[in-house]
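Shared between the two complexes below is chain A, which has chain B as its partner in the first and chain C in the second.
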Partner chain A sequence: MVNGYQATSLKEALKILAKESVTPYSGGTDLMIDPEEHATFLFLARISEMKNIIEDTEYLRIGAACTFTEIIENELVPEILKEAAAQIAAPAIRNLATIGGNICNGSAKGDSALILFATDAKLRLVSSRGERVLPIAEFYLGRKKTALKSDELLVEILIDRINLSNYYYKKVGARDALAISRVSFAAILNVADGKIVNCMTAFGAVSDIIIRRPDIDAMLVGKTTKEAKVVKKEYIAAYDQAIIPIKGRISAEYRKAVCMNLLRDFLESNGI
Partner chain B sequence: MMINFILNGQKVVSTAKANERLLDILRTEFACTGVKCGCKEGECGACSVIIDGKLVNSCMVAMGYVESCTVMTIEGYRKTERFAVLDTSYASVSAVQCGFCTPGMVLASECILAKNPNPTEAEIREGISGNLCRCTGYNAIVQAISIAAKEGKGLW
Partner chain C sequence: MENISGSIKKKDHEAKINGSALYVDDHLMDGMLYGRMLHSAKAKARITKIILPELPEGYLIVDKNDVTGVNRVAIIIHDTPVYAEDTVEYVGEPILMVVGPDDQVVETILHKIVVVYEEKIPVLDMLTSDTVFFDYNYTKGDMDKALAEADRVFIETFQTGYQEQAYLETQGLIAYPQDGRMTVRGSMQCPYYVHSAVANAIGCEGKDVQIIQDVTGGGFGGKEAFPSILACQVAVAAKKANKPVKVIFDRREDMEFTSKRHPSLSTYKVAIKNGEITGMDIDVLFNSGAYTTLSAVVLQRGLICANGVYRIDNLRVGGRAVKTNTVPCGAYRGFGAPQTFFAVEMIMDHIAKEMGLDSLELKEKYMVKQGDSTSTSGKYHFHVPLPEMIQRIDELTDYRAKRKQYQQQIGRYRKGIGLSMFFHGCGFTGSGERDIIKAVAKIRKNPDNTVEILASNADIGQGLKTTFCKIVADTLGISYDRVYIDNPDTDRVPDSGPTVASRSLMTVGGLLQRAAEKLKKEWQEGKEQVIEEHFVEPDFVIPFNLKDFSGDAYPTYSWSVNAIEVEVDTLTATTKILGAWGIFDVGVPIDMNIVMGQMEGGFLQGIGYASMEQMDYNAKGIIRNNSFSDYIIPTAVDVPNLVAEIMNNPYTHGPYGAKGAGELPLVGAAPAYVEAMENALGANLNKVPFTPEDVMKILQGVNT
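Entry: the complex of A and B
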């Protein structure tokens, strides 16, 4: 085909990527909004190595070319990711759009990327030279800028097999369907033997990069709910400093107010 | 160097480039003008088609993606028994006004019923949530789909 390659294996795709000037095309739903006239696409939808959702002893491994419909329908996927995926766009977009594309698009508004930040997911990047595994927070370098090299593909997303069932997720959009996040927030809080063992929060659509501050969340770890209440003010103040929203279609003040409200609601819903 | 796929049950070959939009090629090369162009950014659903059994916005699909796929547009779907049921149910409650969203809406209806022959109202609304209609206010469309589910027993 002219201006395109249809790859059927990862090896074949990486070979083309190393030699030719091509744009990896997974679901296409971001690319086709404004396609470059002379772009040559490398179609990834038939690469089986990028379509699996499997568990091993350490991780849940989600193939980067899995569509959001496939993610919603898969029983291994944690509810927090399913809930976020189900709120993306509408069924016809979710049938095409992939989790890998959502990440590689490099936007802080990516609704699945938010969940991957909150869960400290890792990305398996593969090229014909070899492969590396990068924490998602290191993958994002700025607005629409990622650490992906021109000969690399995001092949899999690795999520630690920790308990993700006690989660909080809110997407604030202008309407239910086909809405871009104005602010989004995801958090996980686990308590064992009366003490908080993890607190993981992430704020999306606020800044150029999704905000994830494990150093601030650490203030609550190791504490009982009662002890957490004592440092609550300090914790909220730390986020108040850390969150510097940018003005987009909506004001920075609005974004900030919503972030802080969601953070408080998350704490309150956990008795803090 | 051609792109081969099945369009409405027929094997076809397109001379289009792999980076062209399926929407444009369906309308120009294959004269499937029932596939409407509303927004070209995946926001309105007027260009909905069914690829390998799944509803997609054809404006968001590059031609290279459809190589070896099965594509159904309203032109093919209207020859089916299921369409006849939807046609009658849509007409019975005046679920069509200007008609611009209708081809996409009918294909979305098909995908709702193919997945679940007895959808709840919430499932119907979710299923058409990517198909915008400026005329009807949606209630008549939701009703039409639920009538089709009853009248078309056994077809889905």
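Entry: the complex of A and C
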């Protein structure tokens, strides 16, 4: 027997969350792996406020309870996120698994979370006490640790409406379907008037938290491609220091080598 | 295509689609208890003390002291204890079973048990083993002379790893006492193997034991010997409790503690004179694990295949299966052959490169043909269809042209193509069929003119019920619906042998065909008639002698050529399979859908073995790859372009011309894959699985 509440509005859900110890249940594809036996679940799939994908002047807003299938099929969603979502698991899982669950499980292997790091997305966290908006990098505190309070829900993901079309993405899994990332890399680079206006990179599945280092990426910003080439060595060396893969079934050496290869390829594909 | 090859609705189709098929875990019995095993946490230790918690009413502990017969499992050699005695020899060795009415409580009790071990230093690496379980040697021609006269000698060692069967249904059995007898039912390939093991362990006569196979969710060899072990443990528990006891392994338990393919190290010394291969001196090492189980026969098959499909006049083959403090290895589709076929195909490839030839050219030069002598001085009595298979592969893949084209590549993506040729010896190795199994099969015509097949072979998903019924129906000239077969029950069926060695259809199907022919002649409307047939070795067979490995190890062979094309991403060291093609000769397919299912599934398993299925133990002898997220097997998406084709080559002595099909498709995938990787990477490779980490090392120029 599974105990739970089938909330139909955000308000109702937050009320339950405020007064009872319940586990938010979105697609359940992470929760089902190691089910807590006596847990009471708060089912999120019917909360309409968490199922929208809309654009306003500032952001693309994706409801946390949107499944990957819904994300892939929505025309507002940028290609980089669609490509990553399409490589998650297999169709049956994608029909259930949600973007919110992918973030809230706190894993550095989350394939959609990687894209949200690379795009400096923000998370709208709501409780019956109020709400706050947190940059995704501040949401992750450590391995499987997040800043989510026990009475909070992740309701929406906010992605800045900047140009995301010039992107680089690669997931390395153990096989071509139903595979958790061993290494993943996403990057965006925009050039305007001959100058790099933004460079955003993120490395997944190598550390406890997805690696996003705007301070290193800043080395390239404001430069022409030619100028960027001059600092390329330094830039790569900085990442070489920053990326320290934790030990796992797959060797740290392998994962490091893949990260550096992909980083170089990303630069080369942009003429740097 | 022959008439019989047309596909038909499988006998088990309806029940499996509508959910009425009952697997062992679906069975509930009155008063049934649940058992869970306490497995050793140490690779080698003496058990000094076992501290048990207080047991609630109705719960009991079952261990070595409860074995009323012999505390040994009757497999080939009786060395596997039913329950551990004073020592444990591998992580996972069963020490005792907790039994009781509530599974959760059983689990809780299990966690409260404290075992005090006096640890010893385990032997994990087969190279450092000091116990040789089996040691076989055979020769042909004069190897010493070939080596002495050689102008070059190639030496290389090849390595293969574990492979886990990864059947969908984990191991599981129920045992229950009834009227002074013991019944064991569940997931298994070989009811009569289980039968003798249980009688031996509980110490009763064969007539007091009944074994029933339930619908079985895959075996691949993993349910050949292991169910005998589990059956003894469960039967002992049921006897003590005097109630039904059910044990179902969870996935981790199954992956960590049940048999898998033997890891191997094979060293080839090849003598060359005047550009000709004049001899092969081969040394094979298999890691048996802690007990012997099936290692003797797995090693025999591996050694017999050691020179591949090549005519090598001077041959010396030696092999040992050695003990280590690791999980006992056992049967897995191919049964020792994938290991040595990998090695011989790779050494041929490497020799060819040294000679400046393409490997196919060299292989074609030495390929056997009908009438040639086998490694054991037997004979290839029948047509060997390798030349037309190679031609067909070349038509399908443009192999020869691609192989050249891919030799020098730069850039991020690099392609490669590889080819392997191999056989699978059909049926038991040597004289086992004649001297040990002595198969008996029956058919019974009922008064209503329906016909029942009585045989001990198990349908484990491979389609045996369907093919058996097709043979009998077609021979009798009656409709397929009037012929039926139930899951074997040793109270009802004779011992037609185990469901192994690609033998069931060829050997037992042959007996059934003969029985049906006889029944047809003697057919009497409305009467019950029973026809029984016994195995007779075909006249042409040159008797096999195990002492010196001489004679026909197999009456006939199934043949195959595989080609695999890959594309390596040099940035990520990952590999995409662009295509996998297999041409298979299994004689006349008795049902094309079933045979294609076998070919595609087996081929994919072989590709997994070659590329991604990695399993290893750590310094303490613990296998960590014990779940489907850690032990990666290929999915359909990983090899989208997998092509299997059948080459019809009827076997004169098989039913409708059929021979062995089950194992063949797995046997040669690994060398085809690794040859393709060599072609892409421009390096000599010598191990499987060949993983992205291995590729990365080659790309980085690290010596491996």
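Operating definition for what follows: the second predicted complex is superposed on the first by the 270 of 272 C-alpha atoms of A that agree within 3 Å, B and C clash if a C-alpha of one lies under 4 Å from a C-alpha of the other, contacts with A are read in each partner's own complex, and residues count from 1 in each chain.
The working rule: a residue touches a chain if its C-beta (ideal position, glycine included) is under 8 Å from a C-beta of that chain, and two chains touch if they have at least 3 such contacts.
Everything numeric here is computed off the predicted structure, so don't read it as measured data.
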Once the structures are superposed on A, label A:M200 by its partner contacts, choosing first (chain B), second (chain C), both or neither. neither
Taking the superposition on A as described, I'd like to know which of chain B and chain C A:A65 touches: first, second, both or neither. neither
Return first, second, both or neither, reflecting whether A:M50 touches chain B, chain C, both chains, or no partner chain. neither
State whether A:L153 touches chain B only (first), chain C only (second), both chains, or neither. neither
On the A-aligned overlay, A:D176 touches which partner chain: chain B = first, chain C = second, or both, or neither? both
Thinking of the overlay built on chain A, is A:A121 touched by chain B (first), by chain C (second), by both, or by neither? neither
One more residue to check, A:I136. First (chain B), second (chain C), both or neither? neither
Who wins on chain A residues touched, chain B or chain C? B
If you lay the two complexes on top of each other, which residues of chain A touch chain B in one and chain C in the other? 90, 176-178
In the complex, go through chain A and note every residue touching chain C. 90, 170, 172, 174-180, 183, 249-251, 253-254, 257-258, 261-262, 265
For a test of understanding, state which residues of chain A touch chain B in their complex under the given definition. 1-6, 25, 27-29, 31-33, 35-41, 43, 45, 69, 89-93, 95-96, 176-178
Chain A partner contacts - residues on chain C that touch it in the complex: 412, 570-574, 576, 612, 624-625, 629-630, 632, 634-638, 692-693, 696, 700
Touching residues on chain B, where the partner in the complex is chain A: 1-3, 17-19, 21, 40-43, 45, 48, 54-57, 59-65, 67, 108, 111, 126-127, 129-131
